[in-house]
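Each of the two complexes below includes chain A, the first together with chain B, the second together with chain C.
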Partner chain A sequence: MSDPKHRTIKVDYLARVEGEGSLYVKLKGNQVQDVKLKIFEPPRLFEAFLRGRHFSEVPDIVARICGICPVAYQMSAVHALERALEIHVDPAVRLLRRLFYCGEWIESHALHVYMLHAPDFLGYQDFIQMAPDHRHIVERALRLKKIGNLIMTILGGREIHPVSVAVGGFYKVPARRDLLPLVDDLKWALQASLETAKWVAGFEFPDFEQDYEFVSLSHPSEYPLNEGRIVSNRGLNIGASEYEKYFIEQHVQHSNALHSILRGRGSYKVGPMARFNLNFEKLPDVAKEAARECGLSLPCRNPFRSIVVRAIELVFACHEALRVIEEYQPPSAPRQQVPVHSSVGQAATEAPRGLLYHHYKLDQEGLIILAKIVPPTSQNQKRIEDDLWQFVPRLAEMPTEEIRWKCEQAVRNYDPCISCATHFLRLNLEREQP
Partner chain B sequence: MTFQVIGCGNLDRGDDAAGLLVARRLRQLGVPAQEQSGEAFVLMESLASAEKVVLVDAVAAEGEPGAVQVWNANLVPLPRESFCCSTHAFGVREAVELARILGRLPLTLIVYGIAGRNFQMNASLSPEVAGAVERAAQRIAADFFGAAPTKNAFAGAVKEII
Partner chain C sequence: MNSDNKRKPKIAVYKFASCDGCQLSLLDAEDELLGIASAVDISYFPEASRAMLKGPYDIGLVEGSITTHHDAERIHQVRRECRTLITIGACATSGGIQALRNWKDVREFVRAVYATPQYISTLNTSTPVSEHVPVDFELRGCPINKYQLVELITATLAGRKPNIPAYSVCMECKRRDNVCIAVAQGVVCLGPVTHAGCGALCPSFNRGCYGCYGPMESPNTAALSSQFRILGQSNREITRVFRGFNAWALPFRKASEESERS
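Let's look at the complex of A and B:
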């Protein structure tokens, strides 16, 4: 600290976000001068190299976008392509897809709640450092995650980058007897999720609320996973085919990921808090009751409480998985024949981190002419910066090290999945005297 | 007694392929070896199900690229600075250290770390690392599967550079 007027702090990496990026905060006295979430992960170019590929290859290609949420990419892709090709899948296939998504939510939410986010609240550098003091909690986290992965393995052939999803259904569907062994595990997971919710509800949360525009899917009778209209708490109510009329992507110099904004309105928030606030009534009673016991009230606008909301979604996902298994009878055929014609289709589904939009245009041979993919972290990117603009002034009196810690925590509220390659988040905090 | 050799890494990221290439070379030499991405939870399952494990992974270069460091992970923790480039937040080091805390380490765990130089997407393997892959494979084959396995090969030093 040689110059008291300018302070720059660098954190080489933060291992609890996914992807390669950095955070830059410039303070002048208590005033924030600049906030930039810089994503320097190289462009992935998936939209470009999908062009010219046959539509049937898309689910396997897009699964490679993410090792944590491959099902989300597969689900948005097949729904968009089925819409384009006017396919209506068997109700049993629809149920199986919900179960598949529940598996991904369980493994992804367990990972984030316990291993990435909880150490922030408990004052540990990471999950490994936390483990000796909370061994039974760690055992619970590992078993929960494993159960999510097991669902993905049974339905997808393997737990990462599954290979069973097809346009029109699945390449192979399980028999009922294949799913029944999951029941005992899921009953345990439901109880474990309720305990998770109680545990995280006891953390201390900064007193910080924002007036968000929440955006998520909304279905008439279900907590949303694969289907529904895109709605917000400020009156948005559109089909996926209208998405690009309302949402635009902008290039900003400091990020290789495009910033999404609502046209004429600015940043918005997708993810568990958006789903929870917009779909609370669709949660099963056990999740609603757990939310009340955890002190969550509507609307929940404190982003630090997202860890509690994720835990409530864990309760939902376990309960829903049990419901689906109870109801499931295999379809008459794993997948439908798909007649090909030139067409266009869009769909959005709910990835663990929020709304995931896909848009495809096909030629008469079924080859992809255009592909557009808008992931949830891209949509939340500007909102993360907006949170920090509001949050950092409250921290300005704190030592720089503590500001850094709190900023990182604020970013992790969003469970950002910047990419699936490396995972550096460098934080540069520059302080200037007024 | 169950014994597994596991090579971890990513074929598409330059020298990060080293662990996988050692596993492939070992199979050419007649030694059973499996390949994994290094995803922590899958690796933890493997660690918990074997009594003796030899694990091979690329590491961030402390010294010269191509140096092969050998740790007896039963005796020392894996250094964070060497194992910092894993996919997502949990990789080889996290798997080993979490398994240690939970009492799930195999009785013997020897970790070979091959110092890499270039971990960029689509980079080719550095020549020094290619040499190190061969050296590590020959050493593992001789120490653990040779006609006259090295006495106390499992005991090893706390840390050794070959």
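Let's look at the complex of A and C:
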């Protein structure tokens, strides 16, 4: 460290991300010699122990991959299994699932925007330290987050690992009157989200743009949550059943990593920025207007502005939740009978952090023979490193501690959920200078 | 999350193999969070803060199970630096869903998931913290109940016994005036042997309890297994029912092994 020409930036335990990871960057002068995003989160081997379980248990089991986005796992699972078993759910069930997902987006985005990411922009170690200086903002964050959790609690009993989601529908659906108490809260949350957007748009952003391939779902008439084709800004347009033809998990030499890449094209980016850039037209007017006022122009390619995009998605999620509640009438039955046969199904939905792909194969009794799950963070993994390779040289003049913090911030742009990624992924990347 | 007041009790939050949900419960206590943060010094909580202050700590909250050699070492260090050690959730308390590997060949599991199995360093088992070091209190649930967590922290700091009942989910169903779904609908329900704490959520959502709070004090799993057979469940199905998020907890482990042998 004493030699100013050679510096090593180490973050032994990445804070304010979900899960356990570390970062290693080696600089010679202002040239990056090495970037390692190392994940030491222990593997939990979900795909292995799902084999032999009954399909009806899958939504409860896969929820446990991630305590931050259990609803996303439940949604991708039920959609994949319903595709396998040729179930078409009641339109009211479909609506409720959108509402459920809105709850998770609101909770997860409020958590990341306020508690995990904003402290970087404001120079605090954490959210609690912000409280004395920004009491009003901290209270707004907590109430907003709580409203997201409230939606999940009403629909699923609890916000973490809710219990109502079933293949074919729900174990129990709410009556209209159960949802109405949410309306006033959500109206407040919509305003709070608009204020959130205005607040974060005023942060200082490094001048840093990357030419990403964005990948997200795209639905003909809706901002995507549960359904749609998988598209990109470079012409990709496929159904979920074709996912494994186009996306591969690449084995990187000298590493334990399985990096998701687009075949023949390389790294890509999933998550709020991808959804925003590919689906802007599907946003409600209030969110479009807020985006314009925040100075977001299409395409938004500065990853540090992802915090603004997340705030715009908060606006969308509150607006959408209100729309769903307005429209909702309970289905004739909470869930359908599910006839079992040997089958295969795939689906992708939009977790708060991006595309979440599930693939299941069932035997004639409905037991799982094969499970494959690709979470958003493992898809963004390579892209995070690519960002750092490009971003770090601009920091070379800064003191080491400042570089360290900026690198952490660049990783947190992705809201990485290492617990998710590491149910099957371990990363220990070493590369020569490019 | 430090504070200038040095006399505040120091709390640390650790993660082992887990989904992060139980430590998230602390951040999900939106109404209590600022109050907690003013009463204690949350000194080490990497998921929430870059500031990681050194121990020793008054209370250590441990999430997650022990699945690697490294973690089997680390938990001893954690024990040494915490005056009171509390496990939070099914993973730390009973090994979690990842303990399903304990009945299988973990090498085969690794091969099924990873392209390069030789790089994966993992133990053959997923075990609770109490199999490695003494634990002062085990808070159950997958996930834990955040109100119980707040109660537990409060009670520990006050030096009193926490008000966390060890009776079964059936008691909570009665309190909610739920019609018993096992009796009325013949649904398979682990409620009679499962530790209370969730508020009888699953029966309230018209489905059987799947045991995410683990075994209650002195559960009669044999009687419940017989009842499941009367309801038409095969031994394979009964084995699966007990092999959930608390599969490695001794009473559930024994019940699943008995039905597997039958």
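Here is the rule we use: the second predicted complex is superposed on the first by the 398 of 434 C-alpha atoms of A that agree within 3 Å, B and C clash if a C-alpha of one lies under 4 Å from a C-alpha of the other, contacts with A are read in each partner's own complex, and residues count from 1 in each chain.
The rule we apply is simple: a residue touches a chain if its C-beta (ideal position, glycine included) is under 8 Å from a C-beta of that chain, and two chains touch if they have at least 3 such contacts.
As the structure is a prediction and not an experimental result, all values here were calculated from the model.
On the shared subunit chain A, the superposed partners chain B and chain C overlap sterically.
Counted by residues of chain A touched, the larger count belongs to C, out of chain B and chain C. In the superposed model, A:Arg383 lies in contact with neither chain B nor chain C.
By the document's definition of touching, both partners, chain B and chain C, reach A:Ile68. When the two structures are aligned on the shared chain, A:Phe127 is found in touch with chain B and with chain C. Contact with chain C, but none with chain B, is seen for A:Ala48 once the two complexes are overlaid on the shared chain.
Of the two partner chains placed by superposition, A:Lys269 touches none, neither chain B nor chain C. By the document's definition of touching, both partners, chain B and chain C, reach A:Asn149.
In the superposition on chain A, contact of A:Met115 is made with both chain B and chain C. Put simply, of the chain C stretches 99-107, 117-125, 153-161 or 171-179, the part that bumps into chain B is 153-161. The residues of chain A shared by its contacts with chain B and with chain C are 13, 15-18, 42, 67-68, 111, 115-116, 127-128, 131, 138, 142, 145-146, 149, 159-160. Contact residues on chain C toward chain A in their complex (touch as defined above): 1-2, 15-25, 27-28, 30-31, 33-34, 37, 42, 46-52, 67-68, 70-71, 96-98, 100-101, 104, 106, 108-110, 112-116, 119-120, 122, 126, 142-143, 198, 201-202, 204-207, 210, 212, 240, 244-245. Residues 13, 37, 39, 41-42, 44, 84-90, 94, 97-98, 101-102, 119, 121 of chain B touch chain A in their complex.
Those residues of chain A lying in contact with chain B across their complex are 13, 15-18, 42, 67-68, 111, 115-116, 127-128, 131-132, 135, 138-139, 142, 145-146, 149, 159-160, 420-423.
Within the complex formed with chain C, the residues of chain A that make contact are 13-20, 40-49, 51, 53-54, 57, 60-61, 64-68, 70, 111, 115-116, 119, 125-129, 131, 138, 142-143, 145-146, 149, 156-161, 163-164, 166, 171-172, 249, 251, 256, 258, 334, 405, 408, 417, 419, 424, 426, 428.
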